[in-house]
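Pasting a structure below so you can have a look.
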Amino acid sequence: MQECLYSASSGDSVLFIEDGVYGATSAFKERLRDDLSYFVLQNDAAARGLSACLLTGQCQPVDYSGFVELTEQADSVCSWF
Amino acid sequence: MKSCNEMNYSIAIYGGPYSDQASLSALHFARALLKREHRIQRVFFYHDGVYNSSALVTPPQDEINVPTQWQTLASEHGIELVVCIAAAVRRGLLDEKEAKRYSKSSYNLAEGYTLSGLGQLIDASINCDKLITFGA
Amino acid sequence: MSELLIIFRKPPIGTSWAREAIDLALVGAAFGQQATLLFMGDGVYQLLSNQQPDQVEQKGTQAMMKALPMYDIDQVFVCEKSLSERGLRANLLDFECQSISQASLQKLLNSHRQVFNF
Amino acid sequence: MKSCNEMNYSIAIYGGPYSDQASLSALHFARALLKREHRIQRVFFYHDGVYNSSALVTPPQDEINVPTQWQTLASEHGIELVVCIAAAVRRGLLDEKEAKRYSKSSYNLAEGYTLSGLGQLIDASINCDKLITFGA
Amino acid sequence: MSELLIIFRKPPIGTSWAREAIDLALVGAAFGQQATLLFMGDGVYQLLSNQQPDQVEQKGTQAMMKALPMYDIDQVFVCEKSLSERGLRANLLDFECQSISQASLQKLLNSHRQVFNF
Amino acid sequence: MQECLYSASSGDSVLFIEDGVYGATSAFKERLRDDLSYFVLQNDAAARGLSACLLTGQCQPVDYSGFVELTEQADSVCSWF
């Protein structure tokens, strides 16, 4: 997560999926840069019991269809794991 | 003719079927792609992702069988399931031809999956509109 | 004094670690071994309530966790520091467990003949 | 009779043969154990460690074949190679009996390895002097 | 401007990640794609000199790394921050590579059509 | 590594193996507690090019035979990975 955020350019979108969704919880919100847009895959968050009150408000929830939309819009997609 | 919104995707998977969520996430993503009327040309299995191609995977009855789901999706939508041959052979995934070449008495590559070179992943990155990777 | 200590350090969904760790606890109990569970690191996420693993077509470990008392596994500990680092409080958790400090955690590891780390 | 220094070890392996160093480390450790005249009763393969038991693993010729090395060591020193059946079956490692049970046309468990329950790991932890785990 | 960017983020020994990442770079080059390599995170350890993988009966990636120029792969970058966090200096490294800052690293990712992350 | 060091009791021995040997480099020496004994598997260190000058002096190098000796001496052995 740290390496991803370090490498992203201003204005990039970041989607948290799988265990990455823990990175979208309030506990880690200080790590998030202000100049990126954040999304969280709600299926992965719900699967892990991360309700809206645990997630930071900076992350917009999306479903798999929203995940696809994000890839449609991006010039280039890079996965960090 | 391709509409301007419809895109040609390929997917790369690096994680094994039950040890890692990669293959399952990719499956959900693939279904969402098809629902939005995109085309999926190829799913490429690399690193531990090659374990998805085993015909012998037998999860408990109440659990999803990820390799089988890929087979079904692939045959319904004309998706190529390509398994990196170098990564597969060292991990014990063989088709009939490789089993013969290495004098093994059986093979285990599931139907619908093809062993091929890493060039197929490079090809996908060149010729598809998008290549999405699910890591491990 | 119980014999087996099983440490859960991986998150619950997406991999088979959590299930395989619980399986070991239950089999240990079936072999007549007293088993203690310790959740630390990302393993504490396994205790969160309202997990819906079916959202990603998985089974999760909630049902198995609920079966622990039937196997007489009632010593369940969670690392205080791991919880607080993740912004979690005990009221968010689905299971009765004792929150423990570093000193008690060290004692716990020391007092078990066999520690399984997952 | 057992000398007071000689101990009875078992080893647990959780990582696959080429994706992870666990199995290779365990092999080096096992050789060192035997050199110091300890006994190794059992090697237990769990989680992705079960992939070590495949008869079809075929590394390049200039690379070590870890599963074969375990077979050799086991047969020379009377070590049990036990593979967790639940972890194995879901990952596609079957012996002849399990292949028949699930109507699979082939099986791939290497000779010298036995599918068995997790109880064998608990048993090792109870009855051996030391159980050493190589994780993944 | 080269087409493929391959990022190495895993340490070199014990797993097949490093080898599989290099394989991809070489195959990319064989397909006529200009490939750029970036080492960051624990991937910078792959550049250390005097690796002796035979000490653990492994092959390592040194030989393949030395073959990169033959495939016209000469754009090799290493993340400055990753090096310094690990107490490493460029003189410890076995390979010619350019040490880059965050700004250049971001530009590098932005300027490649396809990024493979290992 | 952090979780292992957090859980160890005063006087325990810690052996770094596989990729864990990077934790025995001078760069991370501040993480090491003073009340533990440290060892590093030299085969794994050499395999990774970690010469003596990169490793912290607090760690004593051992080979696989030394690894076995450490397990002989310990009352209980716990692996962290």
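Think of it as A, B, C, D, E and F in the order they're written, each chain with its own count starting at 1.
Following the convention adopted for this analysis, contacts are C-beta pairs under 8 Å (C-beta built on N, C-alpha and C of every residue); 3 or more make two chains touch, one makes a residue touch a chain.
Keep in mind the model is a prediction, meaning the values are calculated, not measured.
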Contact-graph distance - origin subunit E, target subunit F: 1
Which two chains have the most contacts between them? B-D
Averaged over CA atoms, how far is the centre of subunit B from the centre of subunit C? Could you give it in whole Å? 34
Please report how many Å separate the Cα centroid of subunit D from that of subunit F, as a whole number. 25
Between subunit A and subunit C, what distance separates the C-alpha centroids? Give it in angstrom. 27
Could you grab the centroid distance between subunit A and subunit D? Build each centroid from C-alpha atoms only and quote it in angstrom. 40
Subunit F residues touching 2+ other chains are 18-19, 43-44, 79-81
Per-residue multi-chain contacts in subunit B, two or more chains: 18-19, 21, 25, 28, 47, 63, 90, 131, 133, 135
Where does subunit E touch two or more other chains at once, residue-wise? 13-14, 16, 56, 58, 114, 117
If we use the touch criterion from the header, which chain pairs count as touching? A-B, A-C, A-E, B-C, B-D, B-E, C-D, C-F, D-E, D-F, E-F
Please name which positions on subunit E make contact with subunit D in the complex. 13-16, 56-59
Show me the residue ranges of subunit A that touch subunit E in the complex, using the header's touch definition. 3, 6-9, 76, 78-81
In the complex, the residues of subunit D that touch subunit F are 5, 7, 9, 14, 21-22, 25, 28-29, 31-33, 35-36, 38, 130-136
Name, in rising order, each residue of subunit B that touches subunit E in their complex. 46-47, 86-87, 90, 117-119, 121-123, 125-126, 131, 133, 135
Can you list the residues on subunit E that touch subunit B in the complex? 3-4, 16-17, 20, 23-24, 27-28, 30-31, 33, 114, 116-117
